[in-house]
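Take a look at the structures listed below.
Two complexes, one shared chain (subunit A), two partners (subunit B, subunit C).
Take a look at the complex of A and B:
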């Protein structure tokens, strides 16, 4: 059972919003005493997903939360966009697949960087990606 | 129809100025001499405009007032007045004018309509000052952005034939463009054969940043130079591996010093300690 203790919501509409978001996520990591390595993994994952949110989802909102499952503390970040959605989720989760001109590592790479990864998408209705990085994960 | 009362404010200009500057002093939104001159000019122009333009607030006379006002409020912005103080400037004028109106007119109906007209006019002007105040601030910000992107990509000639480029901060698309242009130009200008890209100051390397780095390296190679990426911290190395980014075709080093050492090896130079 994962419960949230602290919550914040940010709106992402332009590339300039990426750096402040990353800094906020980092602060959440620092607050629960996350190691530098896990902080870097978390902000890199955030960076990947927020770029997707901007590029494919046309912007959206991001919710940052401090969470706990009773044993461990962690940071949960939820990315919500109202974009076109992802057509083939299995394909999008494959390494090297990209509909844009990028490396195609965003989604599968992010999944490897965090402890919990969940993606919900519906064509025409947008995409919601939820990640959790545990302090000792 | 222009309210005669407002036009007759002109006759009380001096009194209005005195009341106004007293009010400004009372709420502390003044800084003395420069201010008084500006205020005098503004009051004179505005009262003239009220007298001559028959209630048409788009007339040439009013245009002059607006221009002056924009000048005053951006100069106040630069002199460090807060937005609140900037707004109080005109609000104090309204209070002063309104107190004079009530002295020269006792009929409440006329007084009310004159005050209403005065309010509408000065409210619009307050909005105008806010807009120009914000614009003044935004100009400062955009100038700073230009300056930052200019100074944040210095290309340093570290040795004969070796240039280094320390990257600090996030490497986004527009910045990569500047970095790449500067680096390639410097390679041509200095005739260097080795370029070192130092990413010690980059907080996170995600797939987009990596892609930009790979592109920069490829472009450098096309110019016939070799590119070394240095300043890869342990946590960055692990993150890049987990992300699955392939940097194997690129020479990477942990520090600028070891990158320079590699450059010396490539140029077949040896650094020896003098006896």
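Take a look at the complex of A and C:
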């Protein structure tokens, strides 16, 4: 059971919003004493997902939370867009697949960087991606 | 528009990235660098990323592009000062930065550029980023 203790929401509409978001996520990591490596992984994952949110979802909102499962502390980041959704989620999770001009590392690469990764998408209704990085994960 | 300064030092160009990168800024750097190489007929580019705390797939790709483009323009690119956490994260993300030559710090990077310039480019030297 994962419970949130602290939470905030940011709206992401343009590319420059990415830098303050990364800083906020970092602050959440620092607050629970996350190592530099885990912070870097979490922020890099955030950077990848927020690019998707801007590029494919046309912007959206991001919720940052401090979470605990009773044993460990962590940071949960939720990316919510109201874009077109993802047609074939299995394909999108494959290394090297991209509908855009990118390398196609975004989703599968991000999943490798975090401890928990969940993606919900509905055609025409948008996509929600939730990641958790545990302090000792 | 925000830009990253490019310094000319003889035959080389020196870029020290001191701010957090976002996509547009990285793209500007890419085009500015290629134009500056052309303008000064530069033989080498040294990019110091010691103050960069994250590199994701997009910025990694830009670094790779810069290396390839400058090579076509007859200039070598060396990336120096990558933080260990950044190197580990890049490899786990799936980006190996093939073709990007790296060195531990600015001094070693400069030595490498000079060596490449005077010895010619006889062999491809690719250092594994994860060993830094």
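Note that the second predicted complex is superposed on the first by the 137 of 137 C-alpha atoms of A that agree within 3 Å, B and C clash if a C-alpha of one lies under 4 Å from a C-alpha of the other, contacts with A are read in each partner's own complex, and residues count from 1 in each chain.
Heads up, the rule we're going with is that a residue touches a chain if its C-beta (ideal position, glycine included) is under 8 Å from a C-beta of that chain, and two chains touch if they have at least 3 such contacts.
No experiment lies behind these values; they were computed from the predicted model shown.
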*Once the two structures are overlaid on subunit A, check if subunit B and subunit C clash or fit side by side.*
clash
_One more residue to check, A:106. First (subunit B), second (subunit C), both or neither?_
both
*May I ask you to decide whether A:65 touches subunit B, subunit C, both, or neither, giving the answer as first, second, both or neither?*
neither
*Could you look at A:81 and tell me whether it touches subunit B, subunit C, both or neither (first, second, both, neither)?*
neither
*Touching subunit B and also subunit C: which subunit A residues?*
15, 18-19, 22, 36-37, 39-41, 43-44, 47-48, 51, 95, 102-103, 105-106, 108-110, 112-113
*Which of the residues in subunit C come into contact with subunit A in the complex?*
20, 22-24, 53-58, 61, 83-86, 88-89, 92-95
*asked:* Using the touch definition from the top, list the residues of subunit B that touch subunit A in their complex.
replied: 170, 172-173, 203-208, 210-211, 234-236, 238-239, 242-245
*What residues of subunit A sit close enough to touch subunit B in their complex?*
15, 18-19, 22, 36-37, 39-41, 43-44, 47-48, 51, 95, 102-103, 105-106, 108-110, 112-113
*Where on subunit A does subunit C make contact in their complex?*
15-16, 18-19, 22-23, 26, 36-37, 39-41, 43-44, 47-48, 51, 95, 102-103, 105-106, 108-110, 112-113
